[in-house]
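Following this line, the structures themselves.
Here subunit A shows up in two complexes: once beside subunit B, once beside subunit C.
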Partner chain A sequence: MTDTLLAIVHMAIFPGGFFALALGFLYKALDRRVEARLQRRIGPPLTQPWLDAAKLLTKETLIPKTACRSAFLLAPVFGFTGMAVCAAFIPVPGVYSGLFNMGDLLVIFYLLPIPAMALMLGGSASSSPFGALGFSREMLLMLAYETPLLMILLAVAMLVGKGLGAESSGAEFSLLKIVAWQQENGSLGFNPAMIPALLAYLIFLPGTMGMAPFDVAEAETELLEGPLLEYGGPLLALFTVTSAFKTFVVLGLGVALFFPGVLGSWWPVNLVWFVLKCLALMLLSLTLVKSACGRLRIDQAFRFYVTVPTALALCSLVLVWLL
Partner chain B sequence: MSLDTTLKKLSVRSPWLFRINAGSCNGCDVELATTACIPRYDVERFGCRYCGSPRHADVVLITGPVTTRVRDRVLRVWEEIPDPKVTVAVGICPISGGVFREGYSIEGPLDRFLPVDVNVPGCPPRPQAILEAVVLARSIWLKKLGFE
Partner chain C sequence: MTSTAVNTFSIPLGPVHVALEEPVYFHLDVEGETIRKVELTSGHVHRGMEAMATQRNLTKNTTLTERVCSLCSNSHSFTYCMAAENVLGLDIPPRARYLRVLAEEIKRVASHLFNTAIQAHVIGFKSLFMHTMEVREIMQDVKETVYGNRMNLAQNCIGGVKCDLTPELLSYILDMVDKMEPGVEEIRELYATNSMVLGRTKGLGLLPKKDALRLGVVGPVARGSGINIDVRKDSPYAAYPELEFDTIVNDGCCIHSRTTVRLNEIFESFRLIRQCCRRVPEGPTKAPMRQIRAAEACARTEAPRGEVFYYIRTNATDIPARLKWRVPSYMNWEALGVMMKDCKVADVALITNSIDPCVSCTER
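What follows is the complex of A and B.
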């Protein structure tokens, strides 16, 4: 009973639910703000994502006549639910150690593509040709960036499994144990064998977040936002909330996999440290890249993902296996 | 103050812009693009964002004198924008036809077909004028929501 109650609190308030949403929105605002500063502009206020969401809630919802109504309405809910659950699995080192301690890395791996699938579902249900194009691009990109992600997770799991030795059976898929092992034996981000995997993860981030140069599925100048084209009002707000959750999830996962170090044992310091580490990860892999690059074509993006990050992740995997 | 009122009052601080080119010579479009992008005249600081889809738009900026070929498309795209929306005519062309006035292919001015809320004259208008129009559009939007 208390376990269930605790799980609900973790999903609704911390670290999933409200906390993840607030942090995701903060990162989205900072991303726009820093990008504006890099272009020597002022940029929007830090409350902008909240204002956008408030605005979208007051707008009317239009559903295209030719759209598949149920799928069109369900797709954003589907994506939102997946990410809201996933956010509860992200450990905050020194504060919160994950929802349960067995194989949660695999659960996260299965939950992560859900927003992309929701976009694909919504795009194809909207009956717009732009939505269909966005659907095919999103799927192609997803196939390309999920492979390196799986290899990165495997490399981490194998390294920690080897480190734990007899306690685990080969690979360790519990984030709790991965974080604890790193806190004792040094962060994986500083391990020479894992540096290629870290780079691959940094390259994976803009792809999964659909940000430039990999925003091919939602390209607003050629596809008019692709799958999101027909969405407006509260349904679009749900998509932005999902995206905020996803920002929290992928950045938090990056911190847990590569830099889960803690400062002392007092939890507020660790919480701030976690927020700062996520921010650094975002600025490095999303904001800087986004403001420096144009958009790639889908074939270029696909070729890039199946070669560079895949090769990097494979490199780490082989190094871990050999050493 | 109820939640609905609060949300509505907050909503005008997030005007998403959508551009429609109704047969413009591109001068005003370039002006709109530079107004958004260049450091000195940053519209993003008002919470604006250029969006690709008419479904996401709140403030629609229309340039050009409304030519015969483009008229029905402009009206159709304008219809796609969810209410409440604010229409801004950018440049002298949608207001009076400008240099194209009384041309054989010109159907304008724009207010023959749509209710225009803000006019921004100029050929092309100065960036400051466009920014002022966006700020004005916010107060008109607030009025449309029923607040003074």
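What follows is the complex of A and C.
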């Protein structure tokens, strides 16, 4: 009973739920703000994502006459639920160690594509041709960036599994153990064999977040936001909330996989340290890349993902296997 | 046949679309991501300007024609004034000829930079868009300081120019051009070397020279397809015969070659602006008005987008019996069909932007 209660608290308040949302919105605002500063603009205030979401909530829900009503309504809920659950699995090193200590890496891998699937579902249910095009682009891109992600996770799991030796059976899929092992034996981000995997993860981030140069599915100047075109009001707000959760999840996962180091044992310090590490990861892989790039065409983006990050991740996987 | 019917679907692009500055409607038949057929519908911004021109007197029409278009506003009043002067038999003073060229080239720099910036916007390169617009802002400041307006300069009038430039203003323009040139140089290098920009523009939206000649395209679109035409050289007007500049031609025939032509033309415009500021002769800026006779005349100039042609017929009253103009976008428009053949959905907005369409001019 207490376990269930605790799980609910983790999903609703910390680290999922409110905490993930607040952090996700903060990162989204900082991302826009830093990008604006890089372009010599002022940028929106840090409260802007909250204001946007609040305004969307007051708006009317419009459903296209030709849309598939149930799928159109359920898609954002589906994406939101997936990410809200996923956020509870993200460990905050030194503060919170994850929802359960067995195979949660695999659960995260299965939960991560859910927002993209929700987008595809919503896009195709909206009956708009732009939604349909966005659907096909999103699917193509997802196939391309999920492969390197799987290899990265495998490389991490194998390396830690080898490190633990007899305690584990080859590969270790528990984030708790992965984090604990790294805290004892040094972060994987500094391990030469894992540097290609880290780079691959940094490249994976803009793709999964749908940001430039890989914002092909929502491409504003081509597809007018693609799958999101017909969405408005609370449903669109749900998509932005999902995206904020996802920001927290992918950044938190990056920190857990590569830099889970802690500063002492006092939890507030570790919490701030986690927030800063996520922020650094975001600025490096999302904001800077976004402001230095234009949008690729879908064929270019697909070709890029099946070559560069896949090769990098494979490189790490082979290195881990050999060493 | 049934298989194509299943595979293709149609996409409405426009009339309101983020990547288009003005309303125009594309009906695209798409197979996957590839375009199979393009149908273009326009007419959303028809304002009946040619009819309005036959209800106003010659002087008021200068103001009206300046409002045909925004980015090449000066070219319209310029050409209209030339046509009106031809019909009146006026010869404008040398100082006015130089000042007209000066205003025209300032507008050309701003127009070309605007189009280049929009290209960056269409490919989602926001930083490059902001940077190009920031450099363009210097030219906007020049317009505001010298003429008092950022878009419509209101410099031309029948018989000469309205605003005489003091030596201080001329040296201010020279300073600003010096300040702007390194910025444009940097932008030119960025567009020539950035792999993101090249990957989206090079070898796309092809308009072979043969088709360009067949369709009679004008301006940077023609010059980007290797055709050496420029009204400023081919039928010199105002002060152009006395000034040195080159016609930029590029054989690439693609989106990138049109951008290259525009960016290089900016440097030719800088050359012209410098020459105008240094060589402008002293004297009056306006010729006195003459008796209006019943006659007809025409004039043509090189606007930023290509050749602008004006025809005027008067019937001995101050209200013209007919005023008709043909704008460059009207000619370049048709080339879109060739450029968009079998292109990707992602490239439609990019190709449209590459002809620098001016919908308001064309539909007026």
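Throughout what follows, the second predicted complex is superposed on the first by the 323 of 323 C-alpha atoms of A that agree within 3 Å, B and C clash if a C-alpha of one lies under 4 Å from a C-alpha of the other, contacts with A are read in each partner's own complex, and residues count from 1 in each chain.
Methods note: a residue touches a chain if its C-beta (ideal position, glycine included) is under 8 Å from a C-beta of that chain, and two chains touch if they have at least 3 such contacts.
Note that this is a predicted model, so its numbers are computed, not measured.
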item	value
Subunit C versus subunit B on the shared subunit A, clash or fit after superposition	clash
Which superposed partner A:L236 touches (first subunit B, second subunit C, both, neither)	first
First (subunit B), second (subunit C), both or neither touched by A:L224	both
Partner chain(s) touched by A:A132 [first = subunit B, second = subunit C, both, neither]	second
First, second, both or neither for A:R69, with subunit B first and subunit C second	neither
Touched partner set for A:K59, first subunit B, second subunit C, both or neither	first
Touching partner for A:R32 - first (subunit B), second (subunit C), both, neither	first
First, second, both or neither for A:L51, with subunit B first and subunit C second	first
Subunit B versus subunit C as contact partner of A:R41, first or second or both or neither	both
Partner chain in contact with A:R303 - subunit B first, subunit C second, else both or neither	neither
Subunit C collision site on subunit B, chosen from 8-16, 80-88, 98-106 or 134-142, when both complexes are overlaid on chain A	98-106
Overlap of subunit C and subunit B interfaces on subunit A (superposed complexes)	39-41, 219-221, 223-224
Residue ranges of subunit A in contact with subunit B within the complex	32, 36, 39-45, 48, 50-52, 54-55, 57-62, 219-221, 223-225, 228-233, 236
Complex interface listing, subunit A residues touching subunit C	35, 38-41, 129-130, 132-133, 136-137, 212-213, 215-216, 219-224, 290-300
Of all residues in subunit C, those that touch subunit A in their complex	9-12, 17-19, 30, 32-33, 120-128, 130-131, 134, 196-197, 199-200, 344-349
Subunit B residues within the subunit A interface of the complex	4, 6-8, 10-14, 16, 37-39, 42, 44-47, 49-53, 55-56, 58, 80, 82-84, 145
